[in-house]
Structures are given as structure tokens and as C-alpha cells.
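Order as written gives the chain letters A, B, C, D and E; numbering starts at 1 within each chain.
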Amino acid sequence: MSGAVIEVADLDVYYGTSQILFGVGLSVRQGETMALLGRNGAGKSTTMKAIMGLAPPRRGRVSLRGAVISGLKPHAIARAGLGFVPEDRQVFPEHTVEDNLVIGKKKGPEGQDEWPIKRIYEVFPLLEPLRQRIAGRLSGGEQQMLAIARTLMGNPALLLLDEPSEGLAPIIVQRIGELLRQLRSLGSTVLIAEQNMHFCLGLASHATVIDKGQIVYAAGIDELKANEAIRRRYLAL
Amino acid sequence: APWVARAQAKTIKIGMPTILSGRVAQLGTSSRNAVMLEVEKVNAAGGLAGRQIEMVIRDSKGQPQEAARVARELVNTDGCELMIDAEASSGAFAVHEVARDLGVFCIHTNSETSALTADPKQHIPNAFRTARQGVHDSIVGGSYAAAIAKAKGLKKWATCSPDYAYGRDTTGEFTLYLKRFAPDVEIISESWPKLFQPDYTEVVTKILQAKPQALYSCLWGGDLTSYIDQANIYAMFGQMEVFAVNMADYTALTVVKNLPKGIHSGNRYIKTFPATPENAAWGDAYKAKYNEYPTNWSWENATAIMLMAEAAKKANSADGKKIAEVLKGLTIKCPFGADGTVTMRGEDHTLVGYAIGWGTTIPQEPYVPEIKAGDWKTIFELEAEWKKSKGYT
Amino acid sequence: MLEIRNLAKSFGGVKATNDVSLDFPDGSLTAVIGPNGAGKSTFFNLITGALKPDSGQVLLDGVDLAGRSPPEIVRHGIGRAFQVASIFKSLTVQETMLAAVSADQRTSAVLHKRFPLLETRERAEHVMELLGLAGKRNRTAATLSHGDQKLLDIALALVLEPKVLLLDEPTAGMGPEERWRMIDKVRELWETQKITVVFIEHDMDIVFKIAPKIVVLCYGRILATGTPDEIRNNSAVIDAYLGTEHAGAAA
Amino acid sequence: MTVSAVSFDLPRCIRRAANESAPVDLDALAGCLSSSACLVTQTTSGLIIGMLLFLVAVGLTLIFGVLKVVNFSHGAFYMFGAYFAMTAYQLTGSFALAMLAGAAGTAVLGLIFERVFMSRVYGADVLMQVLVCYAFVLIFDDVVRMIWGPEFKAMGMPAAFQVMPLFIAGGVVPPYYLLLIGVALVAAIVLGLGLSRSRIGKVIRAAAHNPGMVSALGINTGLIYGGVFALGGMLAGLAGALAAPVRSLTPGMGFSVLIESFIVTVIGGMGSILGALIGALLLGLIRSFGSQGFPLFVEGLMYLFMVIVLVSKPTGLFGKEAA
Amino acid sequence: MTELEAGRAQTLVPVRSGPALGRYRDLLIALIAFAVLASLPMFTGSKALLDFVIRCSAYGLFATSLNLLVGYTGLTSFGHGMFFGLGAYSYGLIMQKLNVPIPVAFIATLAITTVVAAIIGAICVRLKEIYFAFVTLAFQMLIHSTILSWASFTGGDQGLRGGIPRPAFLGIDLANHVHLYVTSCALLILGLLAMRQIAQSPFGYTLRMIRDNAARASFLGIDVWRAKLTVFVLAALFASMGGMVMALFVSGAYPEFAYWTISGEGIFINMLGGVSTFLGPMVGTVLLLLLNDTVTRFTEYHGIVLGVVILFFALGLRKGLLDFVAEWVAHRRDAGEGR
């Protein structure tokens, strides 16, 4: 598929001896916000980790703008422009909030620097007063915000967000939704795994549905909204 | 084939647990070297009562339980009929128990701990000792030091010795005899660094604070050289007379880069004492073969083989029991003897008559140019008294 | 009845819980909501002994539990589940349940019998069935998906048959279906076992649907308490927490 | 002699009673504390002991702080540093080159050790890492024995430092030890500031906690780990090189240093540079004053002190609770 | 999760097979093992082999007890060897000084160990992870220093000299090699059986919970401190037993028994054999002793040989031998079921 920022083909991933992903393939084009949907344990997080090189696939290929990145180390993949926010946040617990952000700091793949710390604090005003606080002692939601902000500091060209709304107050979820919409309007590409359908469907332009480690459906978001069978069967909506 | 079987029957295996790895590997290696040197000679001369000697030498890593295991294995699995125990003290006591259990003939070659043979509770008929005995050393050292103390008016003494049985006993006995011969001597400071302690700074400064006129130390080997290097940069050797019993050993003498002049030391092994051609020849032969000088442990082990060979000749048998019988009270010619002979004393199975003396150092060969020999008569008298005080006799 | 009296806790300068007093009558079901960092988890931590309060009382049926150790408090009947699933990674689901029952039956120090004790089975089985974990009984906890781990965490709290059950975001990370199944379970439990349930939740659909009473915390203080309708229309709550989407008539 | 002092070291008392000499020498200690010369000298000797110990321990604490690896092979790096320095000194006669050889040689060794071996066991059990380190303790000791022989060696003090000790405020300090203190202080300051202030320091500490996440942020953790190990190895090697002129060299020489370094890092709190510094100085002072007051219990004092610190502060003086 | 844990799950005996059954199976295996070991002297005259088994008993008891701490509870002790030394010394001293029957000394030693372990444990188990490891090490070194300095009582660095008396008791004469051998085997099998029971008891599972997540365990009503202390003392008892077997074997006790290298060896044995399987430490013991005994026969550079073998295990298998085998078998079984 031409124009795809990221293209995933035929991924097989194992944890130890148990196979989790079976030939997973998907592609996201420039400017799209792709929702990766599926039930608990369907393999969403694993797909993301595989793309990031954190759960190296045994078979298959991931390419970024045509260049193969599967097989690279996570840091090389990140430098190629992927930014990842894991589902369990993984803030650095002994560092302050600001240090967490500083550690995430890097130029984008084309040398862009669109996320100075000042802008981060504008987008996440709740973080600003917490700058000197130890991240490990933040509340769950505060940590979630920090994790997203930290990844943005790296100026990613493609964002992988694993359940970014989990544990956030509605008002914050709303704000993140606005942020993502804003990013999209700026041409950012996003792959987002979500359980909060309400949030996700309002945001995504496309959707891919995964079930038991296999892709079962991929379409534009409106099509998915219209397809009740799929929604019932795989998304329990 | 029959001739092979006969040849095998003729060889006699001697087991030797010793320390070939770890901090004191050098000493174990030098024990092995000396033994091999002597065994070659014995074998060339026909062997032990006609049987060629085969040494089976194993590393005990300096751990007593390993020493015990290796000793048992040497007898039980490898079929060794005789044993040379070249272990340091605690290993020697462990091997002693094995000898007690298995009844195998055994010569302790390295443990200087007096109790090993002096204490009748330890006594077993099949074990002997060729190592120098601590109390002998102290008597000679004490009388030598006392003479100098009196001559130079050294009244205030400090001691600095490693904190383990050897260090404590030797130091205790040394001061005992020092005070006996020079009653107005006073020990004003004691330091007890740990064995293998890398840093002696606090010890050095402590001694400097105490301002003694003389210092006694039985540190040895690398500990002694470290100590000298560290004391040197505090210019300690200019401020007091130093008596370091273990200085006159090639392992220390050849290693120290800035050996201060005039350190008093007992002899360990030194090829110029006794100043006999036999001793010099032995030292040179060793050096020629191994490209280094022998150690204190070397001569003790060589002596063990010499004694075994002579006893086997007398008994005309390589059987351990018979050798043991003959060995009691046996006197042999020996390069390390004060008068050219050494004797295995019958009553307590310990070696006497070996060369023992004190002298002062110079920084180059022969390192200790003059050594004043100790007097064995005095040694015997005081040793008997000492044994009585310990309740050994 | 669980009564909280003037509970306070601060971390350095942050007053995470600031003079909170609340009553949770026997058999009540209460939702605790509030912005991120409002002090909700801290509030639970104080009740369950994970943190020692600076001052105040936690009275369960008149007994003050404030400042006691977690095991003691659990044994008085206050069970909890965690915001981030807190489980035993290398035990299987079934072993986890059986061991938890053992702990509750005070047989966790038994040396002379084999694990599991017969008398622990029924309860463990019951709870696994109840939460739909029975099919995964032989899976090692670490290999469970995020959502299943949360379920297991809650199962751990339930299997102790507490008088008061505190659930910290029980549905976080769960899919819509599991989420509703979970919350239905909680409600069913509440109805049948007559236990007191307090839960923290950010999913307003759930909160407004099932909680008869809602407490809103903000900066360590109680911002509001009331029925879903009262809360939904409370402008302070809308500003601080709900935002426009969930406000007022939106539901 | 006070009652508490007697009960403090009962076994010694019994033994010493026979030899009629005091187990504890509180008079000497009191005498020393009231004499300014003694006070200064023993304090400086505590400082000297502490500073060299710090150089070894700081690498240990650094490696633990970052990689969570309890580097049992650290003593071997100290040993190699000393041997490298001695060999370089014998070959070139230059003290500076000797120090360089000690530091650079062990840095390379550290890098190889980490990249080729340690990096393979990060995911595994912590004790697996200890095991790999232990394997190298065994291997390194034998390698040294093969190359340099089983006998102990001495490097010798360079002529430039064979001078009279200085008298500073009534205390005695050899000039060589001034150099040593200087080097250790520089290391302490550079490391301390570098690790707490700079971004790389933050990254290093973060990589300690969560290498996966750090690398997902685009940072090459392999490089960091290798670098930290090289740095730690270098510090130990430098300590070994600095110690070489005043300590005897022998296979296994790293061992006693390792134990003391562990005490230092544990007292200071594993992973804390400042902790290592304070811990090392405290230990140095315990040794120097302990040898006055408790000549037979210096070693015991150190362990006792460690127990007391850990009981009153379970993560060492400056250690952080694992979050 | 590490692969190690994943593998463990599969090797667990399914709960279904029933607890009572497991117990009888263990008992049966123990009886057979004992019968085989005890009849060994009838088939071989090799004293060295018997010596080897005796030493395996001593180290095996010690290493398996350490695994109760390390593998089951997640308490890494660097000082467990102190109880090995304590056992050897207490037993040796009682026998030397008091002239009592051996079983009396045996039980008295266990009593002493209990008291000492309870005191030390009470202080240690409050600490976490690496600090626990090092505080146990510190206590070990304190005990070691005490043995060294209290020379009038313990013989100092030269150990308990003069042999430990071995008076016959009820016809069992431990001065007789075969009697000593059979007794050691019996102690080993009994010890293992008891530890196996501990590991498979509800308490054993409490330990596993503490290892995985102590905080959560406390929210289930478990007194973590007490459980840790209990297992600390229990493990000390078996280590002490190992020390006594060793003292019987060498007819002495040496400060090296209480030195930290013994603890190091224990850890090392555990890692070689595997910490996720009950018999892992036993396998490790046999492996290490075998390795030690053969390598020292051929070279004094045993450090290099041993080091390389360790590297093979650590880098090649990344786990202990028995863990590796157990996983391999489990995979084979899974693969078989899959088809």
C-alpha cells in the first residue's frame, strides 16, 4: 500500500512458547488515527510491543515509510520516529516529573523539535505544579499524563498509544481527545489501542479489530460504526 | 602384562595435599617444587626401599575441609601409602584427624603451630613434623632481640602481628622470652591487623603515635611487603629498630623494592645460612630448576623426603609403620641442619637441630649477610620449661 | 458500619487527605470520584492500613482501626483491590485463590498438611466461577492479560468475604463487556451478600448507573456528596471533574 | 576499662586474660582523642583509608545503581588495575603511564565484560548475574596466576614520592596519599554532580529502573550499560593502580577490598555516590580510631556498625526505598 | 515475567492430583532413594564414593535449606552459611566438652540454632532485597570473627582440634565408616522429606506469595514478618543439620565452615541446579562436588575450569540444570498434547 507510514505484515509473536499473534497485518497512512480494537487479551498491546521491538516478532515485517524496522533494537525504532506510550505507564518512579520529561527529550527523525517543555505544560497544565514531585508517588492519572507527555517530548512522527484514557478523569480524557484531534489536524499519525469506545470512536478515522491474535476486520471508522455484527461480535458494543 | 604389574607394585605413591591456589599458592608451589627435587634424587638412587616414588599432589585451596577430603581421597582412591601434609595450620589439623582415622603415615611439613606435636593430646604414632616449631623460633628471637635491646637501651617496644593463631602465639612467645632476657622491656602498643589486610595505614600511624624504640612483627609474605611499603612512606624505619621475624625469606626479600637497611630478621630459608656448600648448592639447584629461590616451606618439605628416604633405607621397607618406628629419634645429614644434621626427636615427633638464627638486612644479595645462630642447648632447656608450663609434660 | 472521622494525611506539603469524615452504612454502595490526584487512592490506603493517617479515626462497627497494620485490618473485614492489579505473578489463578482462602482461614502457617487444604476449595471455586476465571485456573497469573489480572485482583479481595469491600478503579483497563460484567458482579454481590461496597471509578456511565450515592473528592477534601442526579448537575463537580461531556442532561 | 567495654568483646577478654593484656584499650583511645597530634594523624589516616576504599566502592555502587548488578567481580578489576599498572611501570618507568594503563586497561575490560557476558543475563534471575560475576572472579584470579605467577609482587614507590611525610596541623601525611585523596575527591565530585545534574546521569538512573522503557524512548541502553561498566571498572582499576605502589600484588588481592567495598556501599546505601563517600570515610575513621581503642575488634566493629546502620535505616544512610 | 516463571507454572504438579497423593508419592520416592543409597556399600567397596555421598548429604541439606529462602520466599541470604558453621561448632563443642550421647548433642544443637536464628532473623527479615542479603552477610562475618577471636573456646583459626568423639549409640557406631555413611543418608533423606513437606504445605504457598508480592500478601491477612522469620529459622535448622553431618565427616569444625564462601557456594549450588524445582539444589550439589573433585585432580587452575562451566550454565542455559530439564520436558509434553 503506498502512502502508508507504517505497515505491519504477517507478524507472529510468542511469549516463551505460546504464540500470541498470528500473522497480524495492518497499515496506517499519513495523518490517520487508527484505532486498534479488541477485547481484553486480544493482542493489542502485544502488537504495539512488537512494532516497538519490545516483543520481537518471530516472523513478519514492520516497515516505516518503506524501510524495514523490524529486527531493530527499540531505541533505533524510536529514533526512526515511533513514540510509544505503554498501557502500564512505566514512568521512572524515582525521578521527578521534569526529569521524566527530560529523559524523553529527543529531536524527531527529521530533526524537528515541536515539543518544548513549555508547550507540554500548556497542554498538560496539571503537570506543571507537579514538576518537582517524584513520579513514583503521583496518582495513577497523573502518571498517565506524564507518560503521554514524556513520549511527546521525543517528537515522534507516529504515536503508539496503548489505552491512554485508562484511569483518567473524564475532564482529562476530554482534554486528551482534543489534543489528539489537534495532533491529527497537524498531520500526526496515531495508532491507538482503547477500551473506552466512546472516546475512541469519536477520535479515530480508521479502525482495525483484532481477536485472539488475528486481525478480523479493518475499515474506516464510519463503516465500523455501521457494521453492527462486527461491533457485537468483537467489541461487545 | 606381568612386567607392568611388577613395575606398578614397585612404585609407592606418596600423597600430598597442599595449597596450590589462592593467596598462599606460592608457598604450596614451592613445597611441591622442593619435594619433586628431592624425589628425583631418591628415585635416581633406587627409590624408597627399592620402590620408585610417585608423588600425587593435590590442591586443597587452603580449606581444611578440602584438605581432609583430599587426604582421604589420596589414601582411599589413589592408593597412597604415605602422606606429606603440606598444609598451613588449620589444614594440618584437619589432615591430622584423617591420619588418626586412617592410620596412614604422615609428615606435617608446614604447620609451625607448636601444639600440633607438643600437645600429647594430639599425639598419634603415625604422624611427624618437619616444620620449624613456633616456640623454637621465639626462644631464639627473644634472646637475640634482648641482647640488642640491652646494648642499645631499647625499652619501649611495640608489636604488630597478624591476628590469627600463628601471629598471636608467636608474638606472645617472643615477648615472653624477650622480657625474660631483658626484664626492663615494656610493650607499650599492640596492633593486630587481620591476615591479608590490604591497608595498614591506621596501624602504621598508631605505632608512630606510640613512639616506641623498637617494633616486633611476625607479618609475612605479601602482608609484610605491603606493610613495609606503607610504613616506608611514613619514614617509619628511621624512627625505630624493627624486628620482623619473617623478613629474611626470599619471597619477601626479592620483592620489596625499597628494602630498608638494618631490619632484624630470623632466617626462613636463606642459602647463606647455614653457610655451608651443601646448603648453597641446594639453593642454587632449586633456583636453576625453578628459576626462583626456595621458600621456608621448601626446605621443610625437602627435609621430609630426606627423612623418609633415610628411614626407609634403615628399615629396608617402604611400609609406613616400619618407617615410623625407625624415624623416631633418627638423625640424618641435611643441608638445613645447624651442624649439618637434623634429628626427628622421638618423644614428640618433631624436628630439631635445624638451622635457626637472626641477622639484619641489606637491600641487595645476599640480603642478610651475617646471621647469628641460635643455640640449641638453650632452646631445649627453655622448650622443656615451656612444655611444663603448658602442662604438656 | 464504617465511619471515617476527621481523617487526614499529608505528604510533605501536599494534603492528600484533608479532614475527611464520611459514613458508609452497612450494605451501602458508594462511588468515590474526583480528579486525578484528588486523594481517592490515598483515602483507601488510609482505611486499609497501607498508609498511617496523620490523624483521625477509622471506625468499623465502633472499633478504631486507624493506624493498624494491613493484616489486622483485613481480618476485621475490610478487603480491597488495587488500582494497578496486584497479584502473585508465578502462582496460577487457582493456587492464588486457594492460598488466599487459606490466609483467611488462618491456615496459611500450617506446615504438616499439603496444600491445598480441602476446606479451602469450595470458596475458591465459587469465586473463580463468579468472576469467570474458572476457565483460566491453570494459567500463571503473569501470563494473563491486563484485564484478567484486574479480575484476579478483585477475586482476591472477594474471596476473603469481607464486610467492607474497597475497589480502586475496578474496571480500569477492561473492555466494555468485561467492564459491565464486572460491575454487574459487584452489584450482585452487594445485593446478595449484603456487604458494604465503596468503589473508585472514572467511568461515569457506570458510576451514574449503579451508585446510589456518590462522593466527590477534590484536593483531599469532600467536594460534594449526593445522588447521581445531584452530582451530575453540580457545577463545581462539572468544572473540576466531569467536563462538558458528562455534565447535566448528557446522560 | 568500663563495664560496657568488657561485655562488648567477651571472647577476647577470656583469651587475653591469659596473656594479661587488655582486650580494649580505652585509655589509648581517650589519650588519642585528647592529643591533637594523634587526633589529626588518625583522622587523616582514616581519610586516606576511606578515600581509596571510596574509589573502589563508588564503581560498585554505580554499577549497582544503574544495572542492579551486584558486581562480585569488582575486586578483580581492582586487581587488574594494579597488575596493569605494575607492568606498565616496569616497562616504561613512568608513574603517569602506569596509572593510565591501570585505568584504561580495566575500562576496556569492563566494557568487554559487560557487552559480551553480563548483557546476556539481564533478563534472568539476579543471582544468575551474581553467578556470572563469580565465574569471572574465578577465571580472572587464575588468569592473573597464569600471566604473572602465583607469587606476590610489589610495584615499588616512584622516586618522586619517596620523600619525607608532611606535617600538617600536627598530623603526618605522606605526599603520595595527598595525591590519592585528591584523585578520589575529584572522582567523587565529578560523579556526584554528573549523575545528579546532567541529563545523561538521569538517563543512566532511569535505565537502571526500566531499560525497556528507556530504550523505547530512543536511548541506546546497551551503550549506557557498557559505558557504566567501563566507568565502574575504570574506577576500580584506577584504585588498584593507585594502590599498587603501597600494597602487595597477588592473585585474589581483590577479595578483601571487595568485602570492604560492599560494607561501604551498603552502609552508604546501594546506588548512592554520596553514600559511598560517607560510608567509606566512616569506615576509614572506624578503622583508624578502632585500632586505638579496640585493637582486636576492628573488623568486628565494621560489621557491627553495618548491622546497626541497617537496623536503624534499612536502606543504608542514603539509599532509597525501591519504589 | 521472566521465562523462568513461565516455565515454572507448567512444571507445577496440577492441583487436581490431590495433596494426599503427593505426600505418599514423596514418601515412596524417599524410601526408594534411601534403600538404594543405604545398600550401596553392599555393591561397592569404594570408600571414596561413600565419602562423596556423605559430603553431598552435608552440602545438599545446606543448599536445599537455602533454597527455601531464595527460591521459595525470595529472600536472598548471603549469610546462610553461618548456620552451617553454627551447627558444626555447636555439635562439635558439645561432644568435645560434655560427653553426651550423639542424639542429645544433635537435638541440643538444633535448639541452639533455633534461638540464634530467631534472634538474627528477627533483625534481618525486616530488611529488603540486597540489604537483607548483606545484613545476613554481616552477621555471618560477626559469627566468623567470634569463632576466630574466641580461641580459648573454639580453637580460633585452627578449628576444633583433637577430633570430635563419636561414641556408639544403640549399636550405631559413627566411627565406623559405613555406619556414618548410612546415618548421613538417613539424615539427608529425612531432611529433604521435611523440607519438601514445608514447600508443599499451605505455609509453602504463603512463602511463594511473599516472594511474588509481599505487600499484597499482607492485604490478605498474612503477617509477612512472621512468615519470613519462621522460614528463616526453619531453613537455619536444616543448614545446621548439614553442618553437623560435615563435622561428623571431618571429625572437626573449622572457621571456614562459617565463612561467607560457604554461603556463596550454597547460592552457587542453587543456581547450578535450579531454584524452581525442589530437587534443583540437590542436583547442583552433586554437580558442584563432582566438578570440584574431578577438576582438582587434574589441574590447579580449577578456577578457570569451574568458571567456564558456570558461564556455560549461566549464559547458555540461563537457569539451573534441573529447571532447564523440567522446562524442556514440559515443552515436550505440551508439544505432544498439541498434536
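Please note the rule applied: a contact is a pair of C-beta atoms (placed from the backbone, for glycine too) under 8 Å apart; a residue touches a chain by one contact, two chains touch by 3 or more.
Which chain is which protein? Per UniProt: A = Amino acid/amide ABC transporter ATP-binding protein 2 (HAAT family); C = Amino acid/amide ABC transporter ATP-binding protein 1 (HAAT family); D = Amino acid/amide ABC transporter membrane protein 1 (HAAT family); E = Amino acid/amide ABC transporter membrane protein 2 (HAAT family).
Keep in mind that what you see is a predicted model, and the values were worked out from it rather than measured.
Trainee: Count how many hops through touching chains it takes, at the least, to reach subunit B starting from subunit A.
Mentor: Minimum step count, subunit A to subunit B: 2.
Trainee: Please identify the chain with the largest separation between its CA centroid and the CA centroid of subunit E.
Mentor: Chain A.
Trainee: Taking each chain's centre as the mean of its Cα atoms, which chain lies farthest from subunit D?
Mentor: Chain C.
Trainee: Let me have the rounded angstrom distance from the C-alpha centre of subunit D over to the C-alpha centre of subunit E, please.
Mentor: That gives a centre separation of 32 Å.
Trainee: Per the centroid of Cα atoms for each chain, what is the distance between subunit A and subunit D, given in Å?
Mentor: So the centroids are 45 Å from each other.
Trainee: For subunit A versus subunit E, what separation do you get between their C-alpha means, in angstrom?
Mentor: 49
Trainee: Calculate how many whole Å lie between the centre of subunit B and the centre of subunit D, each centre taken as the average of the chain's C-alpha atoms.
Mentor: Averaging C-alpha atoms per chain gives centres 34 Å apart.
Trainee: For subunit E, give me the residues that contact two or more of the other chains.
Mentor: Correct list: 3, 6, 149, 151, 301-303.
Trainee: Which residues does subunit B have that touch at least 2 chains other than itself?
Mentor: 20-21, 25, 163
Trainee: Do you know which subunit D residues sit against two or more other chains?
Mentor: Answer for subunit D, listing residues that touch two or more other chains: 141-142, 145, 296, 299.
Trainee: So in the complex, the part of subunit C that touches subunit A is made up of which residues?
Mentor: Touching subunit A from subunit C are residues 11, 33-38, 40-41, 83-84, 143-148, 169, 172-179, 202-205, 240-246.
Trainee: Which part of subunit D faces subunit A closely enough to touch in the complex?
Mentor: That would be residues 199, 202-203, 205-206, 209-210, 212-222, 320, 323 of subunit D.
Trainee: Spell out the residues on subunit E that touch subunit B in their complex, using ranges where they run on.
Mentor: Contacts found on subunit E: 46-48, 51, 55, 148-149, 151, 156-159, 161-163, 246, 249-252, 254-257, 293, 296-297, 300-303.
Trainee: Would you mind writing out the residues of subunit B in touch with subunit E in their complex?
Mentor: Against subunit E, subunit B makes touches at 20-21, 25, 58-59, 61, 63-66, 68-70, 72-73, 76-77, 89-90, 93-94, 96-97, 100-101, 113, 115, 121-122, 163-165, 168, 195.
Trainee: Okay, in this complex, where on subunit D does subunit B touch?
Mentor: Counting only subunit D, the residues touching subunit B are 19, 21, 28, 32, 35, 37-38, 41-42, 44-46, 48-49, 52, 141-142, 145, 149-157, 161-162, 164-165, 172, 174, 176-177, 243, 245-253, 255-257, 287-288, 290-292, 295-296, 298-299.
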